Amino acid sequence: MDFSYTPEEETFRDELKQWLTMHMKELPEWYGRRDIAGPDVDSQEYHDFSVWWHRKLYDAGFVGITWPKEYGGRGGTIMEQVIFYEEIARHRAPGLSNAHGIGWCGPAILAHGSEEQKKRYLPKILSAEEIWCTFYSEPEAGSDMANVQTRAVDGGDHWVVNGQKVWSSGAHVADWGVLLVRTDPEVRKHRGISYLFLDMKTPGITVSPLRNITGTAEFNEAFFDNVRIPRDQVIGEVNMGWYVAAGALEFERSSAGTAIARENSVKGIIRLAKEMGHNGDPMVRQKLAQLYVETMVLKYMALRGLTHELREGRPGPQGAVSSVFSMEFNQRLQDLAMEIQGPYSRLVRGSKHAVDHGRWQHDFLRSRGNTIETGTSEIKRNIIAQRVLGLPRQ
Amino acid sequence: MDFDLGEEQVMLKTSARDFLDKECPKKLVRDMMDDDKGYSPELWRQMADLGWHGLAFPEEYDGVGSSFLDLTVLLEEMGRALVPGPFVSTVVYAGRTILAAGNEEQKQRFLPAIAGGETIMTMALLESSGDLEPSGIAVTASPSGQDFVINGTKLFVPDAHIADHLICVARTKDGTGEDGISLFLVDAKSEGLRVEVLSTMTGEKLCEVTFSGVTVPGSNLLGKLNGGWPVVRNLLDEAIVGECAWMMGGARWALETSVDYAKEREQFGVPIGTFQAIQHKLANVAVEVEGATSIVYYAAWAIDENDPGKTLAASVAKTWCSDTYKHATFEGIQVHGGIGFTWDHDMHLYFKRAKSSQVAFGDADYHRERIAQLLDV
Amino acid sequence: MDFSYTPEEETFRDELKQWLTMHMKELPEWYGRRDIAGPDVDSQEYHDFSVWWHRKLYDAGFVGITWPKEYGGRGGTIMEQVIFYEEIARHRAPGLSNAHGIGWCGPAILAHGSEEQKKRYLPKILSAEEIWCTFYSEPEAGSDMANVQTRAVDGGDHWVVNGQKVWSSGAHVADWGVLLVRTDPEVRKHRGISYLFLDMKTPGITVSPLRNITGTAEFNEAFFDNVRIPRDQVIGEVNMGWYVAAGALEFERSSAGTAIARENSVKGIIRLAKEMGHNGDPMVRQKLAQLYVETMVLKYMALRGLTHELREGRPGPQGAVSSVFSMEFNQRLQDLAMEIQGPYSRLVRGSKHAVDHGRWQHDFLRSRGNTIETGTSEIKRNIIAQRVLGLPRQ
Amino acid sequence: MDFDLGEEQVMLKTSARDFLDKECPKKLVRDMMDDDKGYSPELWRQMADLGWHGLAFPEEYDGVGSSFLDLTVLLEEMGRALVPGPFVSTVVYAGRTILAAGNEEQKQRFLPAIAGGETIMTMALLESSGDLEPSGIAVTASPSGQDFVINGTKLFVPDAHIADHLICVARTKDGTGEDGISLFLVDAKSEGLRVEVLSTMTGEKLCEVTFSGVTVPGSNLLGKLNGGWPVVRNLLDEAIVGECAWMMGGARWALETSVDYAKEREQFGVPIGTFQAIQHKLANVAVEVEGATSIVYYAAWAIDENDPGKTLAASVAKTWCSDTYKHATFEGIQVHGGIGFTWDHDMHLYFKRAKSSQVAFGDADYHRERIAQLLDV
């Protein structure tokens, strides 16, 4: 057990700090300012900004820190990855773009793709030259994700895909998409699913925005009408796509990165309490301290989970456990941020007197999706009970 | 002994439910969120015709002469339907205050107009501190001959943009305590009065109201000079219980809607309502909603009886309902899964209202401390 | 809706108050004194005291307030019953004895017994001349209470009973016991059960105390070895005993009585906080206020449930709902009472410096049984979900 | 990077588990609850022989020279086995204090004796207020020639009835602040020292220790005169983390025992562990226990490194573990149903310990406020 850093790691940290200090000066005027409202999070302007910053990080060698060099990564260590998240958080710098490419599609290609696929797609995922999205959920495949109805029929040198997907994040700006399709309707549920990917310009796809309770539309519905996908655009073996999608937990998707970022949210809410003049309220102090406790527990639980995974080659119990905790933690934090604002919590972006331009209001509303979007908390608790604790299925 | 609604109250509830189901669909609720006025004059007129506006006023002021508990039953149904507009501002905040503190002339002037749906009113209470205590009142009203001149800014004033008159809570004497606070009836068209609508999460219209030397005649003083705070305190009890009724109606909608969905939505080949996690989640909400209903009716009864425990009962109800409405809608979204997170589903309308009601008139922590004081802990 | 009292009810209250003021002087010295420890709750002395006081109440006409006069009751109203509980609580007077007789066995006889049974048994239940106990649970019939294994075989003019019962409260002092036995093993679970009762002196019963986590033994195990029970000692129809046991909620067993009594517990814990000097602690104040909120909600919920039952002739949703709430409320209260005592919470009855002779410690430990003993909280939530909300069974 | 136990720590853990499974069965734990001494001299000797007593002392004092984290791992297993006796009092409260503040002579006199299992010690800190702050210290030590004379009463002193020496925290200067507090090594056989064992829920031996003009030689002053509080504060960090390790070990036992029971106990024809209510209950406990393990190891590491954040880490750990151990055992009883409520089942031994650990060294509310202060909220 050693929570301290090696000299090499400290050097990496210094390099990163210098880079951030220098380049954060180039951020747009609205960034980090609380007296100016930035663009809407679902706007083209925001997307462009996000990609612009991502590419600067990429050019400096800070994207794909643990990915192999031959595919555009840094070939670095997990500890450097941890440091990256720590410094990004500490500097309140923007994070990476292309979240689904880096968190889901890339790792799947890395683990299950052909050498050709890796060479072709991974570098551009890291550089965000190509934005990726995922098509997993369907109207009848929510918690029951293996209930995939979207069909891909063998058309010789291509697949013909028909069906509907929902909750696809970023599909409206993506260049490529991965999708779970049923390629064999005869076998039992988890078998017979394949993991295809396609150029988003392929004819027959209709993407339409799905407005969520924040009023913005970061998610989409997508309809596939006789969409032809080249036969070789499958990741891993045909009919084994379920196991590709459920693949190894990557750091970008692990709770460790999130946990570190969430320390910053706690600092943010403490600052908010002070500014609203409620930091002397004993109840508010208790609740803020409890959030700090939770973020520390989350961080060290997630890091211990990572150690376990590195040692054993498979995620430890801490993985599933910190995922459910992390999501519910954020909901508690956002809920408290609203409470602290008292009547001001009712005012949203665009209103006179809105606190921090309504950022908290948006984040609060958005947080209600946290316990649904990557598997509901109920499903995650089932997984903890059955796979971690070994309790019997009914 | 009789610890539940009487027959007439059940009838009132049923007819209100039927009426609102028909006349206040969610389409109207959503339209009014973006509407500048924020209410439907047609629905307003219909409700007045049904006698709702004057329900809890005596017959001598064109009211129906029913109890505050009856009004509570109505507010429960309005909360369930999310009726948009200035009903509570007009009838409870202004109407009940005038009824309690106004002189005969003031009552005759305003109450029949309210009962008839002819006037819209509100109360300007909160200021920038958001504080519900006398220390939160900094707007001043200075005597000037027979008149008073009001200066300062009020915040979070509901429906001020459409109000014909406002009741302004102002300081008529230096200090920060409860002595020296007075209430004034202010014509919304007065010179120097400026209203700016704020944007809210629920689409409710809250306003900033700026008084720049607004002159009101001395005859518009409501209640005793410097003795306004007890009137406010009394009104707060009623406003809190009214808010609780509204919340409880909404919480019950969230519960019932979630139960219905859990019965019909299938995953893993069975209705999700067969899963014990869903069953227990909804059972917990049911416990809270049943409790909310019971305590709100009791608190309303205590107001009607002017029971010495009414302030305590109001705080108990607000503590409970603040948590209940929030849980009912939080769990409502969770039970609905992705669908519950969409703009198109109605759950978020209630969910947002739950969050806004949670902080209205003091959150649960505020009321728990108040209860501790009232119990002399 | 009317929470106020009629003149008749106020008269009843005055009568009761006068009686209590006069007769509480006769209570033993240790009662209500905090500087003297009373007898152990599972001691014979305590039982004798409890029955002695009960009989005084009975003689004064305060037992069986709503039971018909011909069976020894008062023939009074539910409101008088409410007043009785209020005044007992307000005066901190001891409550009734023979809890199982009055709460379970008596009501079953009243609802399902023959006229002869009513005349013979009910008056002596009310007077506590005969103490009753119940034999419901079995080692394999806990939450799954209908899984009754104890068999009663038809022996002509009698039943022959064999089996084991557990969690029988007060069996060691009881004169009579009711028991759930399987009389028809061929039909499905809930059918084929009968509700017998027997003289506790019948040969073949072995009662042995079951020590619980408080260290005392208020519950018992009981073994039935060829126990012969006269054929007519059945309540209700043979094979229909399940429905007799699950019968109408009586006031004595309803949460209304408990709720009123629990107001007193809240007063007690407020006094404790003051005496420990913690009433100025904002967190303690919040928690005490929350308990008060809950006890008020519980009270009015239970009373509303009673109104519903009286009007509709069957328990309303508030019944099941307030039962689970009431039990968990008491656990929260007892837990807080320990917390407030800080390090003193570790000291038990008999120790120097123990607060209130360790009464809180006993009550805290005892409270952990609350969410198990009358049906677990899990089973009660199932019932709320399925019977009140109408959610489908799996 | 390495955020989990190293190989040697895992070995220590495994061997401790095996040893205690064999040598510290629940029968012994139960016997010791009623035993006057409250510990088994035989087990005490065996543990000393294994090097446990001197694990975290340097080799020069006959210790093993391992880290505090190693000791934490051991305490976790001792907490799991509920090892009765004065191990923590002797090794942590007294031993670690002497190691931190003692002069060379004191270290040579006491540490090898502790490491060898030859002496039993404890610390007399709390008084009737139960307060962990300097204001709670009222026992006085007045200079008298070369000696000091101690007067006053200490409460909740663990294992004082069998201790050979006590470290007494006393005021050597008037006041209520942290200045003027000193530590003294007191021979338990000193004249004027009276020990009375209190009865506890867990069977742990807590004592009232009365000092009536107890004379101690000046050479028994531990650390600087009037500068004892920083030593206490430092010891409290270690004591808290040690307590947390103990709690975490117990919580994990409760979790695992409940999981095992849920797999085998059948109701309604299936194992109760198939019910989602049981699954989610235990999943929640698993989340808490995994979190407890992670944060306790981190806090122990921070102590070894003398990290500036160690006090904060200790408070974070205590907040979390106080809730975790309680929930794990509360739910443990519930999952076990009636069986879990019996004296014969072992769950209540843990459950009671959880409640007593909850209030030891400050409960969660106390530590949350401390965290708020440390974070400068």
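Labels A, B, C and D are assigned to the chains in the order they are written; within every chain, residues are numbered from 1.
Note that in this section a contact is a pair of C-beta atoms (placed from the backbone, for glycine too) under 8 Å apart; a residue touches a chain by one contact, two chains touch by 3 or more.
Fair warning: this is a prediction, and the values are worked out from it, not measured in the lab.
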| item | value |
| --- | --- |
| Far-end chain from chain C, centres as C-alpha averages | A |
| Which of B-C and A-C has more C-beta pairs touching across its chains | B-C |
| Rounded Å distance, chain C centre to chain D centre (Cα mean) | 40 |
| Distance between the centres, which are taken as Cα means, of chain C and chain A, whole angstrom | 53 |
| For chain A, residues that touch 2 or more chains besides their own | 282-283, 286, 378, 381, 394 |
| Multi-partner residues of chain D (each touching 2 or more other chains) | 275-278, 280, 365 |
| Complex contacts: residues of chain B adjacent to chain C | 1-6, 9, 69, 259, 262-263, 270-271, 273-276, 278-280, 282-284, 286-287, 290-295, 297-298, 301-302, 305, 313, 316, 319-320, 365, 367-369, 371-372, 375, 377 |
| Residue numbers on chain C that touch chain D, as the complex places them | 137, 140, 142-144, 147, 166-167, 210-213, 215, 281, 283, 338-339, 341-354, 361, 364-365, 368-369, 371-373, 376-378, 381 |
| Chain D residues touching chain C - in the complex, by the definition given at the top | 126, 130, 155-156, 196, 198-202, 204, 206, 208, 266-268, 272, 275, 277-278, 330, 333-334, 337-338, 340-344, 348, 351-352, 355-356, 358-360, 363, 365 |
| Chain C - residues contacting chain B, complex | 1-4, 77-79, 82, 270, 273-274, 279, 282, 285-286, 288-290, 292-293, 296-298, 300-301, 303-304, 306-308, 311, 317-318, 321-322, 324-325, 378, 381-382, 384-386, 388-394 |
| Chain D partner contacts - residues on chain B that touch it in the complex | 275-277, 280 |
